[in-house]
Structure formats: C-alpha cells, structure tokens
Amino acid sequence: MTNKTFHTTETAWCPGCGNYDIVNTLAGVLDDMRFKPSELLLVGGIGQAAKLNQYVNANGFSGLHGRALPAAVAAKMVNESLTVIVNTGDGDSYGEGGNHFLHNIRRNVDITHFAHDNQIYGLTKGQTSPTSDSCSVDRTGACNLSKPFQPLLIALAAGATFAARTFSGNREHMAKVMKAAIRHKGYALVDILQPCVSFNKVNTFGYYKEHTYELEGDYDATDLETALLRSMEYGPKIPIGIFYQVEKPTYHQQRPAIYDGTPMIDKQLSQDTLQTFLNKFA
Amino acid sequence: MTNKTFHTTETAWCPGCGNYDIVNTLAGVLDDMRFKPSELLLVGGIGQAAKLNQYVNANGFSGLHGRALPAAVAAKMVNESLTVIVNTGDGDSYGEGGNHFLHNIRRNVDITHFAHDNQIYGLTKGQTSPTSDSCSVDRTGACNLSKPFQPLLIALAAGATFAARTFSGNREHMAKVMKAAIRHKGYALVDILQPCVSFNKVNTFGYYKEHTYELEGDYDATDLETALLRSMEYGPKIPIGIFYQVEKPTYHQQRPAIYDGTPMIDKQLSQDTLQTFLNKFA
Amino acid sequence: MNICIGGAAGDGIETMAGILEKTLQRSGYYVYSMRDFMSRIRGGHNFAQIRFDSEPVKAHIDALDILIAYDNRTYDEHQKRLKPDGLLLCDPQLGVSDSRTLPIKLKTLAKESGSARTIGVVCIGALVKLLGLDLRTAETVLRETLPEKLLDMNLTAVQKGFDSVEQKQTLASPNVKGQLLLTGAEAMSLGALAGGLRFYSAYPMSPSTSLLNFFAAHAEEFGLTVEQAEDEIAAINMALGASYAGAKAMVGTSGGGFSLMVEGLGLAGIAELPVVIVDVQRPGPATGLPTRTEQSDLLFACFASQGEFPRMVITVRDHPDAFYQTARALQLAQKYQIPVLLLSDQYLADSAAIVAPPDIGKAVQSVSPLKQDEGGAEAYLRYAFTDSGVSPMRVPGKTDALVRSDSDEHTEEGTITESAEVRVQMVDKRARKLELLAGELLEPAYTGAEDPDVLLVGFGTTTNAVAEAVIRLNKHGVSIGALAFGDVYPLPTKELRNYWGKAKAVYSVEQNATAQLNKLIRMETNLSCTDSILKYDGRQLSVDDILHGLAAFGIGGEVPA
Amino acid sequence: MNICIGGAAGDGIETMAGILEKTLQRSGYYVYSMRDFMSRIRGGHNFAQIRFDSEPVKAHIDALDILIAYDNRTYDEHQKRLKPDGLLLCDPQLGVSDSRTLPIKLKTLAKESGSARTIGVVCIGALVKLLGLDLRTAETVLRETLPEKLLDMNLTAVQKGFDSVEQKQTLASPNVKGQLLLTGAEAMSLGALAGGLRFYSAYPMSPSTSLLNFFAAHAEEFGLTVEQAEDEIAAINMALGASYAGAKAMVGTSGGGFSLMVEGLGLAGIAELPVVIVDVQRPGPATGLPTRTEQSDLLFACFASQGEFPRMVITVRDHPDAFYQTARALQLAQKYQIPVLLLSDQYLADSAAIVAPPDIGKAVQSVSPLKQDEGGAEAYLRYAFTDSGVSPMRVPGKTDALVRSDSDEHTEEGTITESAEVRVQMVDKRARKLELLAGELLEPAYTGAEDPDVLLVGFGTTTNAVAEAVIRLNKHGVSIGALAFGDVYPLPTKELRNYWGKAKAVYSVEQNATAQLNKLIRMETNLSCTDSILKYDGRQLSVDDILHGLAAFGIGGEVPA
C-alpha cells in the first residue's frame, strides 16, 4: 500500500483477484481527493466485491445482498455532508438488487456506485450472473442463456446522469473515472470490469486487457443518443470511459424546502411546533 | 358485451375506467383468434388492472402485487401448450415488480404482458407510480420528482423482442397490437395507456386522445436504434404502435433437450431411470 | 347515540362522516367513529359508524339509533341492527317500507342546492336538527373543510337538510372541551413526531397508507425525509441506512409488505440498528381482505426472520396508546438499538376518536436515557462487549471515530468474523439487552372486579371493547376482569400470573382464528386459557360480540345495553 | 477411526476428502464425513473430518486418530483433539515439534509427481498404506474422479505417498457392500426426484446452493425445469406458478432467502398451491455466518407470513431422512394443497455418509392418496367447501373446466370476495385440513432405556449425535432416552407425552441460542423442559458436546469414548 490515510487491511480475496486493484486505486483516489475518513461512507451489499468497505479506513456499512443502494441513498438523504460510495458486485447490483438499481437511478441521489463486474457470482462459487457472457460465445463455466444484462444501457434508459465503464487492470483509467464519478453531482454508476481468477476463466485479465479500449478523445459524453448506442458496443471490442454525464437536479436539490444544506440529522422538530400542530385537531 | 366465449362479468372498476375498454377488446381479440378458454391462462398481480382475469372466462391466476411475471413464465415453462397473458398495472409491473420485469425480458419466455399504464397507483388511491408524469409538468395530484420510468425504453434496453404501446381509448389500434403481441414468439410487452378517471386527473381520456399518434406506416420495427430513440418520444406527442419486434430464440427453444414440444407436466421421471442413477453413488 | 351511514364507494361517505364527527366534536360530544370499506373505488358497499355521548366512548357497538341509507343495500345490510325505536333516514325513492323511516327527499334537496354530490351535507343538516345541535357549528366545520368554490352549495344543502325535519331528540347537554379528534393513523403519526421521527419510508399498502399520506403531506412543514420506496424491501433498507446515519427511522406497511421486510428486520437485529416497523394488520394470508381488520400477525411479528436477536413487539390499543406507544417505540428502539415492531390494524387506523390532547413532554420522557457504557477498550468499538449488552452508538461523520455496521457476524469493531468464540460472545451480548428491557415492559392494563372469577386476556385494538363489556357485566354482578396487553413480546407476566391465580376460568379474546395470544402466553408462561373468543371475518369484535361470546360460555347471559 | 484434514481454502481439501471417502467406501467401510468451510475462496482455514468404521457411523465426534495438516494453522486449531496415540501427518517443513508426528515430504513428493497440487493425493497414498487399504481401490477412484489429463501425475502421487510410509494400523476387516455414499444435499435432491419433482427454482445461497447445482446439472437428464431466479421472491413465485400449472415444485434457499419468500408462502397458503420450501439453515440473523450451521429458523418457519393457514414443517434428521422426507414432503404438499417447509442445515447438507440404497418405491408409497371429495356442486369449484377441507385441484388446460387461483380471499369458484360469511367458511375449510394431516404425522424416533429417568428431546440434524450419546450412556448404566423429532409442526405429541410422563427430567438439545424446540413444545403441549443443551457458535453439536452438556447437569459424568 502506497497510501496512508485510507490504508487497506488484509483481505479474504483470492490472490490475483481484480478487487485488489480496485481497493488500492480507490484508496489512492480518496487520498488524492483529500477526504477525511470520517466524512466518507462506504456501503456494500454481500459478495466478494461488497467486502471492500471492510478493508478501507472509512465509515462502513455492509448491508444485505442486493440492498446496498437503498441503505446508501437513505444515509445520504439524512446527512448530505457524507460522501457516500457503494462498492458491490454485479450479482448484487443487477440481480438481487435490480429493482433498487432502476429506481435509485431515477431518484438521482448524489452517491457513487462502483459495480465490480466480474460477470459471475464469486462468493457463492461461480454461478451465472446477469452480466455473464452469452452462451453462444463458446465457453465452459457460467454463461447466460438469457440475454446478458447491459448495465450502462439500462442505467441510461432509467435516466442515469453519469454512466461509465472502466477496467480494474487499467488503474490509471480507473482512477480518473472514479474521481469524475465521485465529483459528479447525482447518482454516478461505474461498471468496473474485474477479473475473478477463481471462477471466471473466460473474462480474465488478459481478456479484458485485449478487448477494452478507451472512448475517443473527442467523444461527446453529453449526448444521450450516442451514449445509448456506444453502450451497446460489447463484444470483440469493449469501450471504457465516461459514456454519459449531464447535470440534473439531485434528489436534494429538487426538495429545497426540506434540504437546505444543514444535514437533516442536525435538525429537530421542536415540541412547540408540534404542540401548535396538535391544536388543529381540536 | 359483444363477445360470447370470453364474456366478461360484473367488475369492481369505476364507471368510465379505461380498464373496461381493455377487457372488452381483449375478450374480442381472444374470440377472433379462436382460443378455447381452457387453453388460455390469464395472470395478474394485485391492483385494479390485475383484477382483469377475474372478469374473463378463462383460466385465471391472481398472484401477489408485483409478482405476476414469475408465476406466468413458470406456468408457461412447465406447460408450453398454454397461452399465457399477463394483465397488470404500471405499479405492479414497473414498481414492485421491476426486477422481474428486467429479468423476464431477458429470459424471453413466450408470454404476453399487457401493462395497464394509468400512470398512478389506482387501487391504493392515487399515489405516484413509476410512470407518473414528471412534476415539472404543472399539475396537481401524483407526479414524479424522480425521472419517470420509460417502460419501452427499459424493455428494449433489457433486450425485449417485442415492445409496443397502445391506448385503451383506441380500441381498433389496441386490438391490432394485442393480436400481434399474442402471436409474437417470445416475451411481448404492450404498455397500454389507460385513463384512471378517479385519480389521474391529468392523463385523462382526452389527454391521451389528444397526445397520441400512430407510428408511421413505413416505420421499421426491426431496427433497435430507431426503436430506442422513438421510445423516448414522450411529451406533447406520444407515438403508439409496435416499436420493435424481432424473432429470437425463446426460453424453450434455447433448451431443446428439455423442452421437446411435450409439456413438461405430461412427462415423468421413471423409477427405473432414477434407480440406475442412484447406483452411481455406490 | 350510534349512527351508521352507508352507501357505495364514491358516494362520499368518508367526507360526510368526517364533517359529522367534527360537528359533534365542536358540539361538545365524545365521539368514536369506525369505517368499513370495500377494496374498490366506486360501487359496492361502504359504511361509517359514529357513536357519540357526553360520557367518553371508546369502542363501537352494534345497536343503531340512526341509520342513514344512501341505497337499498345499506338498508338491507344494517336494518336488523337498527333499534325498534331507531330512525331510518333515507330518500323515499328507495321505496323502503319500514315504520322507522323518516323519509327526506335527499336527492331533490341536493339537486336544488346545486349538486347531487351534496346529499351527504343535506343529511348532516337533517341530523343537526334531529339531534338538537347548533346549525352554526356545522356551518363552521363546512367552512373549515370544504374548498371555497364548493362552499355556497353546501351551505345551502345543510340548511335545506336542517329545514326538512323536525327536532326529534333532546340529548344530555354535553360539555367536552379542548379535546382532539384523531384517527388511529393520525395519533400514531403524531406520536412518531413526538418520538423524534426524522425518516419515514414506505410503499403504499392498505391500511397503512394513511401513515405515508400523513408524513408525505407534512414533510416540508416538519423537515422530514419521507420517501415512497419502489418496494417494501427498499423501504426497510432505506430506513436502516438512515438509522445508521443517525436519523430516527420508521417504516409502515401491512402484512404482505412486512413479509418483504423480514430480511431487513434481521439486519436491524444483527447490526443493532434502531428502527420501528409498523404493521397495520389486515386479514391474510397474502392479499386476503385488503381493507378489513385482523390481529393475525402476532406470532409472525414475534418470530419473523431467520436467526435470533432481541426485538420488541408492541400492540397498539387505542388512540392515546397509538400516540404514546409510537413515541415510546422510537425511543426504545434507539435506547436498546433494536427493531421494535408496532402492531396496529385497519380498525384502529381508520377509526376516529375524541381524546385528551396527548402530552408531548410525557411521551418524550416515557423512556429514561441509558447510562452509556463505552466498553473497556480505548479505541471506539461500535459493538463493544458491555455489561448491558448495549454498545456505544455513534453517528458517522459526527466523530473522528469510524463507524462500521455489518450484516455478517462481526467483531467488536464491526468487521466480519468467523470465530466461534466471538460469535457466542456477540449473540450473548445482544441477548443481554433483554435483561434491561424486561424492566421497561408495561404490564397489561386491568379492568374489572378485584378478584375476578373470570379473566379475559386480550391485546391491541380489542382492548376498549373488552373493557366496556367487562364494565357492563360487572354492573350486572358478574365477577369478571380483563387484562389488555399493549407490550406483548417480551411478554410482561407479573399481572398475568397475579390475576390468573385468582380466576377460575380464563378466556382470550382475539381478532384471529388460531388464538395466537393464547399460544404466546402458553409459550412464555406455561399457562393455558380455558377457551377463546375469536373473530376472523375481517370485522372488528364489538362490545356485543364479546358479550355474546361470553354468554356462549355461560357467562353473563343476556346483558341489556 | 476419525481423520481430520485441514488447510486453506483453495488447497483442495474438498477434492481430497471426496476421494478419500470414496476409497473408504470401496474398501468396505461405513463413513461419516463433515465439512467446515470459511466464507472465502482462497486462504483462511477449512477442514473435512472423516469418521469410518466397520460398524455404522452416523455422526461426528471430536477425538481424532489422524490429523493431516497442510499448514500450521491446522495443527494449531486441531492438535488438542488428536489422541495421545494419534498420528499427525504433515510436511516436515511446517516445523511442528510433536511426538505424534509422522513427517512426510508432501511438497517434495507432490512436485516430483508433476504438480504441487497433488499434495492431497500423496496424503491419500500414505493413508492407504497406513490404514492397510488396497492401493488399487484408491487408483480406481482416482480414475473415476479425475480428468484424463491429470490422471498420470496423480497416480504417481498416490504411489509416492503409499511408498513414503510403513503400514501402522491393522483395522477390523470391513464388509459393507452395496451401500451408497451421499451428501445430505444429494440425498435430498434424489428424494425430491423420487417424490416427483418437476420444477426447481432458486437463487444461489450458501449452504443451499448444492441443491441448485445438483438439479441444474441433471436438468436435461431428468427433463426438469430448473431456473436460477433473479431473486428469491421470483424463485418462490415461479414455483407457485409452476405448481398451479400442474408441476410438483420445490424451492431451496437459506434463511435470508427464505425471509424473502415469506409473502409467497402466504400465497401458497391462501391459494392452496402445493409447494415445498427447503431452508438449509445457517447461523443468522441476516448474513450471519454464511458457511456454518444452526437450527435457529424453527419458530420462524412455523409462524412465517401474515395471516393464518395450515402448513407443515418437517426437519430433516440424517441422510436417509433427507431422501424419504423430501419425497414425502412433495407428496404431502400435493395431497393437502399446502406449503411444506423442509428444514435442513449446513451440517447435514455438506456431510457425506454411507447409507443403504434408498427405496424409491417405499418413498413414493409413503403418502397414501386422498379420496378426492369433489364437493357438492355440479360445476367445477376449485375451492369447494369439502368435509376434508381439501378441494378438487385440476390442471389448467387439462380440463374444460376453468381453474382459478387467487391471493385475495375468494369464493368456492376462486374469485375475490369480501363476504364475512365466505371468509369464515374459507378459513375454516383450509383449517380443516389439519384434522386429516394430524393422522399423517410421524412421531419422533425414540432411542434409549425403556423407562428413562432422563429424557432428551431434539430435532433435525442433531438426531444421530444425540442417539449415539444416549447409547453410550445406556451402556454405562445411565437411564436415559431421546426423542428425535422429524415432523415438528404440527407437533406430534403422543410419544412426547408418553415418555415425558416417565422421565424425572427433560432436556432439549438444540443447535440454537433460545431453545426454540422447548418453546414450541410448551406452546403446543404446556410441557416445559427442565433445561436445555444449546450450541450456537456455528459448529455442529458433536456426540462429545452432548455428553459434556449432560455432565454439566450431573448426568453421566466422564464417559469414555
């Protein structure tokens, strides 16, 4: 570990797992961005990826499998001074948690969602995840007879204001995208291609390294049509980068009467106000 | 009722509710298509729309709120000779049932899904549904501070092989689209704009009548890009019609070793086969 | 006086009942008003039943003094309950031939007033006259309730109704002042605010939706986070995220939604996140009878979730209880860092009653603060092994210490462990909270004879009807008493054992089919009821039902009202 | 003989244990083999414990004859359990100084064989020699188990291991033939197939995933619909759709997933849809200890879901039981049109045992068919009010009659009703099934003295360990017996009352912290245990744990193995 503030601890991940690159890069990014550990909240569901918050020196909430997002957005709702980052798996984000994925994008709460997409259920030992490759691609192991889930396309269709893809093996790119996502005002999804050395023998480090390429320098990330079309490009060539980013009012900004900058947890309803209100029932 | 075979019974809907047009049109369509009531299975979740199966002379399954799709696809899986049609609400389909919506589209089981989209929670008396209009449109009553849910766009993003929209007040159009959807091999979504006279005072019969128009005669329903873009057109002008239709292998077709045409419920595992298998553990 | 107003869904029964209740309140009466709705928006049959008196009324009874029938179905369904000397108020068009009829040309008068929809207000006018109330009181209520543009026609309508009849009753002059008229849902919502609620999330579900509506309507006014979730799983997990971040959080739902929250309940249990879960019960299983009432989620609430952890289940008995117990539930959840389940039901949620203004200060002080025990370690340990079992809870971001929460079994620091030793210590630590919590339990309320031969046990919303039945029987010399549980799990057993020792027979009175309270008592105390009075048709046990049930056991017999 | 093999996750403990078990089976022994895994894929500490004998072995014990340590952690964690005359088999590189050590250059020999990954097979070779087994048996098993390309190096490895040691033990010559080696999960899966399973849906969750893996692997072979659902809610609702359409359906999950299925359980209850729900328990609440064992979902299973309806809860005791009870559960679900909950746990699911080949015919005939009672009406009434409470179930599409199912309360036809009368009739109809079901219940199995002074009660997977403890104590003159419940809810009470009457003290033995069986017995019978032996650290109660637990109550004392 190069990093001091957000140093990471011993993990339960397999040697060679892509999660190491993610946690180390994230720790570096948080350090670069000069966060204080206590103002950061890292949230996870359950799975290998979801364990990340256990290994970083910050506030941590490990909730239920598939349910990281609701807990994360609610923590942000009541304390907008926290920087809230979700790290969790593809199964967690798009499988069990699919409904929260759809609807929290719509809410546009100002949180960041790093989906560690190893295209497999890692912790439960290698079942097909929503993003597993299609079975038509010749392969052994877990694969999708169903149409593979396209995280960016779905996120855009649901109205995401920030949607990006990166690859854990490209640490520089990942750091750049992570920073942009954390800085983004509103819900930001980063689907992180992450090799699972134990169970995904197809989408390996080498595979991603070979197939990924960065979106063009002049790519216009504010154009939804382009973003939709480019997000469907997922085959021999897999673009990485920020596909789409626009500013839309966040959850808090849309409710100025309730969220005035002072975190909700710092405000209280006075007994007098309540007493006055009670009198209306006389 | 003009129709005899699939005659409908007294309902618990409000006078003037768009659901009447839907149930009557559907009964007519089923009759036209010469189904036998016993080979039809109508499935619903819970809500006003979901009650439809109670009023039609066919097999009926009223499951749980949000859970119509899993029950429907499974019935089809085990008995492919049933024609399975889901009628249920927008809240049911896209809210509580959002995860099943996403993932059953991916499965492409050969069922039909008519989502009665009144842009409101009817049975629970008028709360905002995922498809309620945006609050930026000046209105009273339920509306979305969140980004409204776009059923067709999401369905397409998830890989739907058939996605259409119609309006309950345009019975001819609705009948045509319903027929195409039922005939479609694979999962077919029809989002049916349906006035709720009791709670949705904005998206009324008149509103839909004024704003909807049919997709052009030369519209190419096999082009995904076009479909994606046109499905986002939802404002002063709302296109109705079949946005997208392609043939892809259905759930059953992708598993020919298991589904050979004989409904699974008509097959049994013989005790001999099992006995032979047991011996492998010796 | 007991009035029933019935008609189809969409006839405005709810509005009319509301105006009438308020008018009665302002006229100085005690009011108890219940609702019976179908799960549809138009048509069918709905009714409201309003009982009022110059003495406190806290439950509904069957026998009617006045029946207002908008349609024939109302007459058919309720006429049997109308007293021989009762009054049937309806339009002559219904063609009812009943000597108790006071025909009023409701439709005509309404149309003359400007709209067929003013029928209800015509009725109110007539009632005001019949009951000898002051028309100005009704007019004031109309002014407060109705939108400007509808006011004139309704004022005309109330006058026309008033003029259409002669005064028939001279009632005891009431003098109730400074009281509030609250529905059960309102009382609960206000209690939550008194208890410090900051976050409410829910998915609409009858009969709990009135809570969501209340909080949503007042979110800006009170600076609350109120979120309509995409489903109940989201609702509970949001509440837990908010709770972790330092906000007092509550969710509300009915049985089906609660089923979906069960995994989240377990998360609250292991991560020790305070949360209040309100289950406004309706008859199950599954969709069941969506707009009716039942008390059949009791054992489910006590044992919901895989695994084991301390929780508290409180049943709400009446309107004041709804206020105080909700405030207390939020505070107990916070004090012990446990999930508290609050069971109400459709009957209470939708009933309105006149109650003394709840005392906010008293509600807040009902739970004494815990002397925080930081554990031995120097560094902050979220799950420190303390003597009380309660570990120091801090708010992330409000301290330099880092706050960790985990759904896996965890160490004192809050990180995953698989150690057998730590597991046992953690389970024991959590369980230790039950010792302190035991001292917190409220014993059931007792009504009746000092040394009763017959003991009734009940819980939640049947309480006042049971008490009224007992009082009536006591007046007729029957040696009977009743214990009404509010706190049910852990079960307070002191008074139970005390009265059980005295009684010759014990009956549980429950709004369910399997006598769940009886089962719970047996499980917790090894005491078993003689028999039970059960109702499970979705309609709340009335005072009369209880009297009849006892009569069937040979107790009391025919008791005049 | 009791052997423990330990190392890190990823060291291939599982593979090696599998090969060893099979070799022992083929050598004619009874085998009982358990697993202890961490919730990670690499690193940490995993172990397998294999007990074998020429007499049947049905549980695990603590004391070890042989410890195979891949790493120092294994030595540290288990050496205390190794008997003084036991054998520690490890690489000298570990640097362990223990007089029981038999050092073998495992790493060197493995590398010489062609891969460091053949360490386990080197060990097997050594064990074969040490135990006096036939090397050819091990070779045959290797040939059957390993892929072609790995075979040569492993045959070399097994030979090298064999050659590295001297024969140390001469064991009683075993002669067990024609038996099967099954894990609990396999026994359950095979039982499901015997019971007529046609549809299985699940979402992966330890420790239930082995069921999904089994069915998915054999879907084509057996023509099953096997679907990995998007979540557990989908899984149960799919199963109910399939059941409605005429397929015998089952779902499998663990506690957290079961929590999500609770609403669906209620749907099965009200719509009377046959379904079997398997809960392979692990320690909770919430994520808890994902790969460990516990019996703490008992009361949850009995009372899960809002509302009230008949259900059956069966706990699985051992491998044969897993087979027969699963077959029976599917049939009972079908016969009574109810949900049947089958509780297993990680311990049983992952343990392997030698069992007599299950009798498929017997499994199928274990439930007698019901004389179908079509109700009085002429038209087909899905929910006809019959005497038995069981209404005629037809398959949609297979009859001209229309089949309707509804989650709302419904009429005999299956359409929504809000009628109070029909509601009561329907609740009563459903409840009537319990009368017939009572005759179906299997009494708990009894082991021990005829008139025991001390009675143990237990359920599910602790059964065989409890029985072994009882037998040992009986041999030492202790008057003790044990009742092991398989069916738990409804609770069969005949034998319980019978033995309870004889015993002076009764203890429940449970793998949970709150003595849930004791509570359930109290609730159902008003009988209360003297005390309980409880374990809740995620590791299964061994025979020794039970003996120690009893000793603490002054029963038995020091009992030699």
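Letters are used for the chains, namely A, B, C and D, taken in the order the chains are written, and counting of residues starts over at 1 for each.
Convention: a contact is a pair of C-beta atoms (placed from the backbone, for glycine too) under 8 Å apart; a residue touches a chain by one contact, two chains touch by 3 or more.
This is a predicted model, so every value here is computed, not measured.
The interface holding more C-beta pairs in contact, when B-D is weighed against B-C, is B-D.
Ranking every chain by how far its Cα centroid lies from the centroid of chain B, the top place goes to D. The geometric centre of chain A is 31 Å away from that of chain B, both derived from CA atoms. Separation between the centroids of chain B and chain D, computed from CA atoms only, is 41 Å. With each centre defined as the average position of its C-alpha atoms, the distance from chain C to chain D rounds to 43 Å.
Centroids built from CA atoms put chain C at 38 Å from chain B. Chain contacts: chain A has residues 12, 46, 62, 64, 95-96, 98-99, 102-103, 130, 255 touching two or more partner chains.
Among the residues of chain C, those in touch with two or more other chains are 38-39, 44, 230-231, 233, 256, 263, 267, 271, 286-287, 290, 406-408, 416. Taken in their complex, chain C has these residues touching chain A: 178-182, 186, 190, 193-194, 196, 198-199, 201, 218-225, 227, 229-231, 233-235, 237-242, 244-247, 249, 263-264, 267, 271, 357-358, 360-361, 364, 395-408, 414-416. Taken in their complex, chain A has these residues touching chain B: 95-96, 98-99, 102-103, 105-108, 130, 144-150, 153-154, 156-159, 224-225, 228-229, 232, 248, 251, 254-255. Within the complex formed with chain C, the residues of chain A that make contact are 12, 37-39, 41, 43, 46, 51, 53-54, 57-64, 67, 70-79, 81-82, 99-100, 102-103, 255, 257-258, 264-265, 267-269, 271, 273-275, 277-279, 281-282.
Taken in their complex, chain D has these residues touching chain C: 38-39, 44, 233, 254-256, 258-260, 262-263, 265-267, 269-271, 279, 281, 283-292, 294, 296-297, 299-300, 302-309, 406-409, 416, 418, 420-421, 423-424, 427, 431, 512-514, 519-520, 522-523, 526, 528, 536-539.
Across the complex, chain C meets chain B through its residues 10, 38-44, 203-206, 209, 212, 228, 230-231, 256, 286-287, 290.
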